[in-house]
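Please go over the structures that come below.
Two complexes come next, and they have one chain in common, chain A, joined by chain B in the first and chain C in the second.
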Partner chain A sequence: MSYVSRDTMLLTTPFHSRVEAMCDLNDWGNWMGYTTPNAYFDVELEYFAVRSTTGVFDLSPMNKYRVTGPDAQRYLDRLITRDVSKIGVDRVGYAIWCDDNGQVMDDGTIFRLGEQDYRICSYQRADDWFAWNTLGFDVTIENESESIAGLAVQGPTSCTVLTLLGCTDLNQLKPFGIAHYSFEGRPLMVSRTGFTGDLGYEVWVPPESAEALWDQLFELGRDYLIKPIGSYALELARIEAGFLQANVDFMPAEEVVRVGRTRSPFELGLGWLVDFKKPLFNGRSALLKEQQQGSRYRFAMLDVEGNKPAEHSFILKGDKQVGTVTSAAWCPTAKANIAYAQIEMPHGAVGDELVAEIYYQRELHWTRLLAPCKVIDAPIFKSPKRWQTPAPPH
Partner chain B sequence: MNQYDAIVIGAGHNGLTNGAYLAKAGLKVAVLERNPYIGGATVSRELHKGWWYSNCSYVSSLLRPEITRDLELPRHGLQVVSFGGGATFTRNGDYFGNYSDHDRHYREMARHSKRDANAYDRYAADTSLQTKLIRPYLMRTPPDPTSMRPRDLRDLLEFARSFMDLGEEKLLDTIKFWTASVGDYLNEYFETDAIKAHMAGSGIIGTALGVYSPGTAYVLLHHYMGDVDGNVGAWGFARGGMGAIADALSKAFQSYGGEVICDANVDEIIVKNGRAAGVALKDGTEYKAPIVVSNLDPKRTFLDITNPSDLPKDVLKKARNFKIRGSSGKLNIALDGLPVFHGLDPRNRLMAGDLHFSDSLERQERAYDDWKAGTWSKDPYLDMMIPSLTDPTMAPPGKHMMSVFVQYAPPKVEGREWTDEDKDGFEKSVIDQISNYSPNFRDLILHCETRTPREIEAEVGLTEGNIFMGELTFDQLLFNRPFPGYAQYRSPIKGMYMCSSGTHPGGGVMAAPGANAAREILADLKKPNTVPGGYADD
Partner chain C sequence: MTDYDAIIIGAGHNGLICASYLAKEGKNVLVLDARNEPGGCASTREFAPGHHVSDCAQWLSQFDQGIVEDLDLKAAGLKLGKPKTTISLQSDGDHLVLDGDTISGAGVDSADQAAYRDFKKMVRSFAKLMTTLYRSRPPKLVEQNWTDRLTLMKLGLGLKLLGRERLRDLMRVVMINIYDVMNEHFSNAALKSAIALDAVTGTNMGPRSPNTVYSYLHRATGEHLGQSGTTQVLGGMGAFGQSLATAAEKSGAKIQLDSAVTAIVKTEDRVTGVTLDSGEQISAKLVISSADPATTFRRLLGYHQMEAGMAKRVECYRSRSGTAKLHLALSGLPSFTGLSEGQLTERLLITPPMDGMETALNPMKYRELSDLHTFDISIPTLEDPGLAPQGQHSLTAIVHYVPYEPHIGWEAGKPQLLSQLISELEGYAPGIGALITASELVVPSDFETSHGMTGGSWHHGELSIDQALMMRPFPGSTQYATAVEGLYLCGAGAHPGGGLQGLPGRNAAKEILKRGAL
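Take a look at the complex of A and B:
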């Protein structure tokens, strides 16, 4: 009998026994209530595994919702801002969903598994919002977060490793495509998706297959220099590749308390995901109005001079503060100092020259630095491998 | 029409960098290369089918991030990938592991000596202090201490002030550091032989000096002052081998309109009326340009490709006296699998780092004794890497490529030229040493390229096979590099410049000499500067 209750203890993912065995640094974080490694052995080397070989990230804590029924597509078209009919069977689409005020609640990926069968993979929990939206639709929503284990297998040798695992002809799979295989008698689904901007896949299996999948991946991947990666390394890769992160680069609209702290798709540079040709979707009228009247903010990717990451910096135009930085990093592969910022309109257009007010501390001494920066039009890291089909071997 | 605004001799990384910045300023530039391929000592070659060798320089750290970013080398295909740590194997079947994680590193040192493990923090702080003194000068032309020009006076004053700001005690430490031997320096911090030997390696690599020779502490610093993504002292591999650096630089250069001409072996720099006017190739072809930049080492520049009658006597004398002694060789080996080393789990990440077998300063000094006696070390100091554990493009899956830097190897064997038998003996001393620690190593060898100073000089054009194009001792650094009075990239001939590693800040695939030289040339031409300044040190 234990003397203390352990009911507040973090959960573990289906890969935990293997993750734990490889987590040399014993450096853990809390992601969505799960114990997840911040780093396994060296953040930098983990990051470089993604860029040069294969990095494996346990993404089981992601929220997964199955959407089925005759009205599945109509329902999703109501829920999200883009045109769902354009996502074919066995294809994945990046999507955002808004509240009725046209403010972004979360982003995620929509997997079309069949004619009337979809899976939404989201960062935030969305049981309540998804349920309210079913009103009037013949659709069933099932939270299958705990019944699917997932690994992101990302990097130049990832296709080769997964092919060895039995994913035949995986190199023919196009970006955002889905392929189905079996693994030890259970289904294994692979999607060519990821958060790193390079060639990469996400592998989805029932939890019962998780440990065997991990073991075989690392056994078969050894000659292809496979390494596990933690959340710190992934964070670096995603900033370099231009991906936004909920709760970092924007606040999920429903969680915001203070007026004006939510952001619309246009204000996050995600206007391309809004399809006004659809007659009705959550936030449509508000977004239409915004499109006509103008947005308050602009999302800007900044190329910052010097080598000090502009973390938490104010962005200035002349003497005036016009924005703040949400994510920043020195990008190790692109060799550039990149920041994402929310900039007050009308500033922040591509080519605009701004100044980042950077504070950094060395040995308890703070320095203020005014670093010129320029708004760039695309992510700094562009890997041709990401889009190549057939996928290259390394 | 072989008429250009500027001609750069030698398509190594400094020549290409120099050419890129001149071309970026709008000049019509040609970089001439004597070999059929570019890169000089920054090269990847497939010498055994399926295996790529970085067969000269083999790691990257010092390449200035300012240049990588400014010339958009990642866009031109360059990807530098870090590797972590390393190990020195000891004769008693153990090893000392150098981990990149601070706490893991502490534990490993403490396994050998708790006191050493604790002293490491003091050592790291003291060494960082020295690094910080020199790093701001990497992307700058050294001031001329005899000049009264405002720029030189200002820079000298700043240089002097950074030293005076240290305070008396640290200033004395600094003077001591810059003149000390790496062995004496390390002895002040550590008691464990293997730990000292592991660290001392950086003090002798590429230098014809022993761990107890004065001046080697600075050489250690030279290897520490690089960084990969702000991690000072970190080292990485260029994906695809070191040739990827030259390839990316060449693409950047060509994107500004520059022209690379291979198989162009320069015979002589043409001088007319005391001014550079172009170059003549050995095959008789002439290229005309009012600016000629030599990326050859100072000896070759002034004693081989310049007519002595065009030069003042003092330069000829200084060039002749320039210290560029060959001290090292290299083995590049294709392996059928991963070698196993005693004591270390082959899955340990240290395997992907730098590996050594000299477990004491004494063994390292004895290896130098052989060099002094005019022969290769019978028990050499090796800086061995297996890049295929980090970069999957270097060898087929499951196979490996091993790069073995070997010290010491003299430029001449007992005063005579190297023979093929000498080369075999040199190779054997290396293979034997590795085999002593790795039972399966010998059976895994599929192909081995062995390069003594003879091959390095003949193929790459590094005089005596000296990898830094001149020793990195204080008498040949900063305003003394390559020689006093000529440290600002200009030669005594108008329009003729130097941009090689033989100039400030020296060798190690930094590309800073090439960039700094371009800045001076553009200033002389009264063209806008295209060369970035260094990142401010913090």
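Take a look at the complex of A and C:
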């Protein structure tokens, strides 16, 4: 898929020529080995494109694995913690998978493309783990990461823009639904999924279609104030919307070398994804034991007083340090100072009042701030548009 | 209600021992075996008209004395022959004789004799220490369980009592190879290779392979547990199997032969029974497998019924042996250069020097036939004439450096290897070829078929530090319980491992009873 203009250590995505042309700040980051923009022109304006009009994010570096064969569903049911049979054809499910110790390896989405035809979209490269998982199953795993290019098209005007592109009746597509179209003679798949907590879609095409897709989207979307967005703006949106990020809010279990640094689904607030009704899945016996004996940590969403993001803060209960912050941001739309923290049990229940020890610097002057905070039960940004079908007109 | 409290897969020695201990506590136990006789690797077979041999295990030297007493095996009919001296044959007829702590012949000098006494003393002190570990469940290191702490404390005390020098020696040698250790202690080549033979037989290794010191200590520990010396079972090994079966039945266990288990049945999230080749399903509170881990988990349970990390561990578990058995029917007693007729009943070894042993490993590794082998020979008919027609004899030998699957295939490979082995024997027993009336070569893959041992591995998995003690067969399935609810292990693939020792079966039963799993 690589569009490589010169020898670099990082790969480029199929959209790179277009991304590069629009990346006014020339601010690049390394996302899983790919050159990706941190910001195009202004982080906050990019963020507001997602919230008010349409933001476009190149998510081609996501890893995509095709799972096919007579045992595809049984294979996935053993791999992930939730019940795969509940994901219908042309539907998507959010999922996590664990190792045998019940520790989260990664999270991702499962696209059901046919009866026994699935695609796993994961943050981590997982060739090795997915291959080991095939033992005992009649299933074929294909890493198709490089043969699919993807764009997240997110925001209130996203449905309109994509409809102009030829995605007929897209407004009828339910959240987590998949629709198939063609684009310049090649397949184009749209899923109503995203990482922003608002109305939004992800568009999947063969790499050959990438540049034309980008060009037409921005041409047709001009009147709808379509903007490209980089990782920083997406980070803001996802924290506001309550999504966890691998390698930020938890360490993928396989990458951890120090004892005790992995986390279970319960410790990440993802217990709802664990279905013990299934007789077997990776991590089940360890998680059952944890359920009986208790977890070490609790994932807490904190509403922090003031407007200083509690980045990397210690969380205190009285004088005692009971946790640390993994993600934090001042969320512009919710107008709230949100932090995600891992809190030692038994602290961190909803309503618990804690203190964030925040350090911030202005002109080389560091200030320590003890900001009271409160554990909240749900993301503070809730957009009804996210769940409405038909998708609301803007 | 289940049909039984426990179903034990495999009526080998460990299965029968486990059954006996459980049945003695009033548990309702069924032992199933695919073969038509009990004993597993402790079996006797007529390989030529009138010639009966112990067709798998040959010597009884490591069997835990405590089990003999607990199960009263003497009353159950177990009869052992006299302890054997080991004689390592030399081509010039000046043989090396190893009798207890004394060695003679083959040009060993007084320095080597003294060094041998010291070496045996050191090995015994290590073996004594390992006995503590072998007679209990393997302790887990991180879970802080009191039973495990106690074992570790005993072990710690034992290590302390070894003394600083011995402890240093143990820590230093246990991870290295027998080749280096032999060269450190001895100068006589025949002596070095005779000891090294014990470190590699039954494994997939040569003397310079890591873990060979551990496999040697494992054997030495067995001999410490056995306290019987190397003996042959009168009536053949099958008689040993039979005595264990008698003891098990006396304890109240039921043994059902000719009943191959084709699958371990899992209902929801736990094992609930087995399926037989007849299609019959039998249920039990627990299924305890004495089959090797690869057979138990891969073939009988199936990878799709376990978590993926465990499937990976099973797949990576090393279970292959380069050891075969040679059976010869002889029209008369052979004559070995430099051996008296009386010495023919002893344990006879043939081995090249250590470098030759190491060289012999290469063809085996690369799936070729070697032109050098080691032999561990018994002529059982001298002490037990009933095993052959009157006036005739049988020779059985444990032969190492035989590939699991040679490139040329076994159909072509067997006759070739057989004549190679006989010509190697001829070098020490001229004229033996003319006495042979029938012969049989049992290669590792034959053991897999006949006795169900994956890779032909006697030990049900290579005996190496990474597959031993608290990691046997692999993390997550130690202490006889497996990661699958309701499924236990009691075979050589569990701690402390293989060799006719009986401790996996005994320890498994004790652990199951202690946990109140039944």
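What we mean here is this: the second predicted complex is superposed on the first by the 386 of 394 C-alpha atoms of A that agree within 3 Å, B and C clash if a C-alpha of one lies under 4 Å from a C-alpha of the other, contacts with A are read in each partner's own complex, and residues count from 1 in each chain.
Criterion: a residue touches a chain if its C-beta (ideal position, glycine included) is under 8 Å from a C-beta of that chain, and two chains touch if they have at least 3 such contacts.
Computed from a predicted model, the values in this text were never measured in an experiment.
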| item | value |
| --- | --- |
| Clash or fit, chain B versus chain C on superposed chain A | fit |
| Which superposed partner A:Leu220 touches (first chain B, second chain C, both, neither) | neither |
| Which superposed partner A:Gly306 touches (first chain B, second chain C, both, neither) | first |
| Chain B versus chain C as contact partner of A:Ala212, first or second or both or neither | neither |
| Between chain B and chain C, more extensive residue contact with chain A | B |
| Chain B versus chain C as contact partner of A:Ser52, first or second or both or neither | first |
| Chain B versus chain C as contact partner of A:Met22, first or second or both or neither | neither |
| Partner chain in contact with A:Asp100 - chain B first, chain C second, else both or neither | second |
| After superposition on chain A, the shortest CA separation from chain B to chain C (Å) | 45 |
| Shared chain A contacts, counted only where both chain B and chain C touch the same residue | none |
| Chain A-facing residues of chain B, complex | 65, 68-69, 73-75, 79-84, 100-101, 104, 228-231, 234, 239, 349, 389-393, 397-398, 535-536, 538 |
| Touch list for chain C against partner chain A, complex | 266, 268-269, 302-312, 315, 476, 483, 485 |
| Contacting residues of chain A [partner chain B, same complex] | 24-25, 41-42, 44-45, 48, 51-53, 156-157, 160, 223-225, 306-308, 330, 332-336, 360, 362, 367, 381-382, 394 |
| Chain A to chain C touching residues, read off their complex | 71, 74, 78-79, 99-101, 129, 132-133, 135-137, 279-285 |
